[in-house]
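In what follows, subunit A forms one complex with subunit B and a second complex with subunit C.
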Partner chain A sequence: MKKEITFTLNKEKTIMEVDPQWTLLHLLREVLEMTGTKEGCGYGECGACTVIIDGEAVNSCLYPVMEVEGRSVMTIEGVALKDGSLDPIQQAFVDEGAVQCGFCIPGMIMSSKALLDKKDKPTEEEIKESIEGNLCRCTGYVKIVDAIKSVAGGR
Partner chain B sequence: MKKFDLIGKDMKRVDTASKATGEALFSGDLILPRMLVGKVLRSPYPHARIISIDTSKAEKLPGVKAVITAKDMSGDKWGVFKYTQDQQFLPTEKVRYVGEEVAAVAAVDEDTALEALSLIDVQYEPLPAVFTVDDALAPNAPLIHDVYPSNINIHVKIDVGDVEKGFSESFLVREDTFTAPEDSYFQGEPYAVAAQFDNAGNLEIWMPNAGPHLKAKPLSNVLKIPLNKVRVRKITIGGAFGGRSEIAPADVICAFLARKAKRPVKIIYTREENTVATRQAHAMVTTIKTGVDKEGHVVARDITCRMDGGAYSSTGPIAVSVPFLCMEQAYRMENIRYNGYRILTNKPIRGMFRTHGRAFACGVDTQLDMLGAELGIDPLTMRLRNARQTGDYTPTKSFVASCGMTETIIRTGEQSGWKEKFGKLPPFHGIGIGTNSVQTGFPMGIRGGSQAFIKLNEDGGITVITGIVDNGQGNDNMIVQIAAEELGISPDDVQLISADTEVTPSDPGSYSMCETFIGGNAVRLAAQDVKMKLFKIAAGEFGVGEDELTARDRKIFVTSNPEKSMNIAKAVRIALSRNESISGEGSYWPNVDAKREWVKNPYGQLSETFSFGTVIVEVKVDPETGQVEVIEAWAAQDVGYALNPKVIEGQFEGGFAMGGQGGMLSEFHQWHEGRVLNPTHLGYMVPLAIDMPKINNIIVETIDPNGPYGAKEAGMSVAMSAAQAYSGAISNAIGVYLKDFPLTPDIILKAIEGKGKREQ
Partner chain C sequence: MKGYEYHKPSTVKEAIDLMGSLENAKFIAGGTDVMVLIRQKKLSPAHLISLRNISDLSFMETANGFFIGGGVTHSEIVGNEFIQKHYSALSDAAGNIGSKQIRNVATLCGNICNAAPSADSACPLLVLDAKVLIAGPDKEREIALDDFFLGPNRTALEKGEMVKGFHMPPFNENTGSTYIKHTRRAAMDLPILGIAARVTIKIGGSQIGCKDAFCTIDTISNILKHLEGEDLVCEDVRIAMGVVSPKPIRAKKAEAALLGKVVSEKLFEEIAEIAASEAQPRDSIRGEAWYRRDMIKVLTKRALLKSIDRVIRPDDLIHPDRLW
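Coming up: the complex of A and B.
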């Protein structure tokens, strides 16, 4: 049986009919066709599906859709600035050469954005911990950490 | 005047902004009108005869639009080589591993598709199965395929010089055996395919691939439609790492479902399916016998390697050869014998992997360290004494046109402070070195060369058309960078049509590290073709020779008098008004020996050039837990010429993480009767950000005579050498040479304990 939920999605008030069995990832990808959020495993181990809910980075593949009620969700589609230009963290990923195949990147950006929104100048350890749950098979993480650092230092 | 505007610079990759916004579409992101969900039914048995398949119940389930089994296909067997045609995309007689495709459905949604799978009734007669190389080779072992006696799928035999004489003349000879279980790709993106037919019978298909043309031909064969009806489309690809090159059952199944249902179908593999039903890397046991003279030069070597190939051939002949070839490229030796066997077992299929052959490469290097220790020569010096040099021929007769191996060894040695550290570090603190070499392309029959077209637009912009594919490493950017540089235009002026078999000409694919060397050369030649045509026009206008002109900043000007210039757009307009063609074409065919063949004739020029790399790592081992902490790493490669240093660094770092940190410390599969126990990230440990040490990248340039701008390939020799550096460093730290990889805490603790007992 479908239920109605009301939440904020990328700053817009959103009302949806959902099946309480769904995960948030299912709602995003399959129903809203917002495919920027990726599914790399579906069981909470890879971080490709990371979104920010009320300021915290979470794995949307494990997040029950009913829990979204009343909350504010930001996905990768909501990160770029109003005029379409890249958010500083996105720009840093491009500038530092942190993007290779790109599959992990939306999740990486959401995790690091959640950190940077909370903390102006995180330490390198905090940066690495913030993306501990985001697996990248291409980059060896070096340039990803550099990218996050460059924004952290530049603020 | 500066030499290049874009080449050699840290150019920001053209494909990355759309990846950072989430706009880049991967295969699994595609949404087509009326699209169905495809799901595959898989064998629960490692080896069984298929008695019957009843799909009638599944077909009746509302929402099911197509069900396919082997009956829908011709039964033809596919293989990368004529002599390895042994795999049906849906088998008719037998299943040969747990997870093999048996049937498939397309339905309106995932739940319906899954329910339909459960309604398919397959009757099997289980057969005895073999799960290890030893079992597979045992007398009276069940045969997995009738055509491979004793389950020996491939035997590569190489014999150069006089190995026995070499051993008898050696000062010191050792023989050791090294082992490693299977490892996996774990690409970021799980495999996914989307397919649809139009009403003229044209197939459009999207999937992660390392060569769209490599996928198109077998699709054409199996669907019995001409190649011009097979349109493998470009799509963002979430990593390949040596996999995803050959046709996969999922591709064929998705196309057959779409044709039968007359609707688009998408199959997205679960993480488990990506591990079990695409490819894995080979488990192997390598026995190495090496003889050296007093100074540590290798006089003779004899290697026997037995690889567990799983149930089908895949790229078997290549997989058996490559670890040996990398070794013979890296090190000089006159007398060498190799017997490489690929043995079939009832396990998932194994293919080529980026860091292929850790039990081989680490074996060779560990043994070199052991020999050096007996002679009183340190590992770095052992490598310097045996390092390949420019102008050499490898034992199997490849000419080495450029080689910076020695420089990679010297520079990593200097930067890491090797001399001050080796043998002088405190207990459980060690340093190790690995060196290796890779190819830039293989003899690939008619698919060995690449062609590119360039179309000029009246505003001076261009469209480049090439079969080159980007798996994530940055090939798209490489194409744009080269074309823009040659024509003196901005990257923004370049539009790319690539990796689409409807319009792009043939290309070997992003396989065997050849795209920069072969595809890049083709693009460069096409751009030069266009440039010459433009120069002809400008030369006429200015009354100078074509060789007196330069193209830069969207202009063509007289080199000695830049005032005399015209916009490229103007030259294009002149050409158009004169009905002169100014489209460009370039093709590059590498200088390889076409008669060379993996099994029948493994001699002759293998690849036009080779890259060479060295990695040094410094580690600390916790003797209580067996945990390894990597303190710092130095990674060097002779890349020929660095087209885009930042991209190369990224390749070094990624290769180091996969080959060294993951490949040598934590990555391996565990099994129970042919069933992989850790198909997901929960049990298969890929490196995390917190695991990574500081990596110092050292780019060495030798300017290859034939590479585009002297470039070769960007980082595979680092990926290949990293594991060797890890194993050397850990052995050095604990004072025991380790022979079974990866070096998990268990193995390390056992070795420390064993050493303690011996010393008592």
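Coming up: the complex of A and C.
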């Protein structure tokens, strides 16, 4: 049985008919066709599906869609500005060459953005902690950490 | 796949009433376990009752000790300075569970009610003498956490009951507590072994004003040697071990052997031996029994030393990993 929910998606008020047993990830990818958010493991292990809900990074694959009601969701599609120019953290990933295959990157961006929105100058320890739930099998994390650091120092 | 209905009660009473009236219903808090089990088809509830929107569950307060509501997330615990200072072991554990994304939604109550032998927050709550506040259809009751665990994934919760929160008593200022999680990886790993300790020491003999005397970077072993003549007596002690038996347990013989004694590194070694003899670890994919038993000896001693370090040098909380 479908239910109607109202929430904020990338700063826009959204009303959707959803099936209560969907996850937020299912709504984003299969219904709204916003495929920037990736599905890796589906068990909350890899972080590819990370989105920001009310300022906190969460795994959308474990988030029941009914809980989104009244909350504010930000996905990778909502990070860049309307005119297409990149957010500083996105630009830093490009500049530092932190992207290889790219599958983990939307999750990495969301996790690090959640950190940077809260803290202007996080320590290296805090940076690593913020992305500990994001698996990357290509880069070895060094350039990703460098990219986040470059934004953290530049703000 | 047969679907489930999703319910969002806003009070504890509503949640319990729903649980009583619905067939095949399951409580869901953060959902980091329940959603995975459903996906793995190990669980197929007809109704999920969400506890996320109950304001009565999501608060913490200082009340004759400290109370943590069932719906409080691990991130909220890590961010709480009072817990960090007075209930350090719990802070240690909450900061090391899963990933940031998991900690932002996973609740303390969920970690405990799952009753996994490896539950990270169980050992700290055991050494902090936590009581579990349980709400049921007819009445509320409070039981010690030690009596709450019955075995793997089995708790003393009866049908229709839920955990409202945890209450920990106040401890005097000469108390330090620690949780050490032994893992292969630094993040996103279940423990091979978890050891928690809480020690209250009595500073006998001369008043050495020892709180500030040792803002050095000397090791706690050396400091204890310097303090040998000062008779640091162990007034109260708790040791808890995770992943060494079907449920998280206290090492009661080891505790009894330490109580009232003058603390020293050598004594801790003996205590750790006793603790290891109380455990019944088994072989699993994460570690073999003999290894676990050996590591109990190492980590119990380390946890006791670190707890005392936290009493003597409270600034350790500011530089938690300076020596450990």
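One rule holds for everything that comes next: the second predicted complex is superposed on the first by the 155 of 155 C-alpha atoms of A that agree within 3 Å, B and C clash if a C-alpha of one lies under 4 Å from a C-alpha of the other, contacts with A are read in each partner's own complex, and residues count from 1 in each chain.
Everything that follows uses one rule, which is that a residue touches a chain if its C-beta (ideal position, glycine included) is under 8 Å from a C-beta of that chain, and two chains touch if they have at least 3 such contacts.
Treat the numbers as computed from the prediction; the structure is a model and nothing was measured.
A.B. asks: Which of the two partners, first being subunit B and second being subunit C, lies in contact with A:E129: first, second, both, or neither?
C.D. replies: After superposing on A, A:E129 lies in contact with both subunit B and subunit C.
A.B. asks: Look at A:E45 in the shared chain and tell me whether it touches subunit B only, subunit C only, both, or neither; answer first, second, both or neither.
C.D. replies: Touch partners of A:E45: subunit B and subunit C.
A.B. asks: Looking at the overlay, does A:L62 come into contact with subunit B only (first), subunit C only (second), both, or neither?
C.D. replies: So A:L62 only meets subunit C here.
A.B. asks: Of subunit B and subunit C, which one touches more residues of subunit A?
C.D. replies: B
A.B. asks: Please write out, lowest number first, the residues of subunit A touched by both subunit B and subunit C across the two complexes.
C.D. replies: Looking at subunit A, the two contact sets intersect at 42-43, 45, 129, 131-132, 134.
A.B. asks: Could you list, by residue number, the parts of subunit C that touch subunit A in their complex?
C.D. replies: Per the touch definition, subunit C meets subunit A at residues 1, 3-6, 8, 28, 31-32, 35-36, 39-40, 48, 50, 52, 75, 98-102, 104-105, 186-188.
A.B. asks: Hey, which residues of subunit B end up touching subunit A in the complex?
C.D. replies: Within the complex, subunit B contacts subunit A at residues 10, 12-13, 15-17, 19-26, 28-29, 31, 185-190, 236-239, 241, 268, 270-271, 471-474, 646-647, 649-650, 652-658, 661, 680-682, 686-690, 692, 695.
A.B. asks: List the residues on subunit A that touch subunit B in their complex, please.
C.D. replies: Those residues of subunit A that touch subunit B are 29, 33, 35-43, 45-46, 48, 75-77, 79-80, 86, 90-91, 93-106, 109, 128-129, 131-132, 134-145.
A.B. asks: Inside the complex, what are the residues of subunit A that reach subunit C?
C.D. replies: Result: residues 1, 3, 19-21, 23, 42-45, 47, 50, 56-59, 61-64, 66-67, 69, 111, 114, 129-134 of subunit A touch subunit C.
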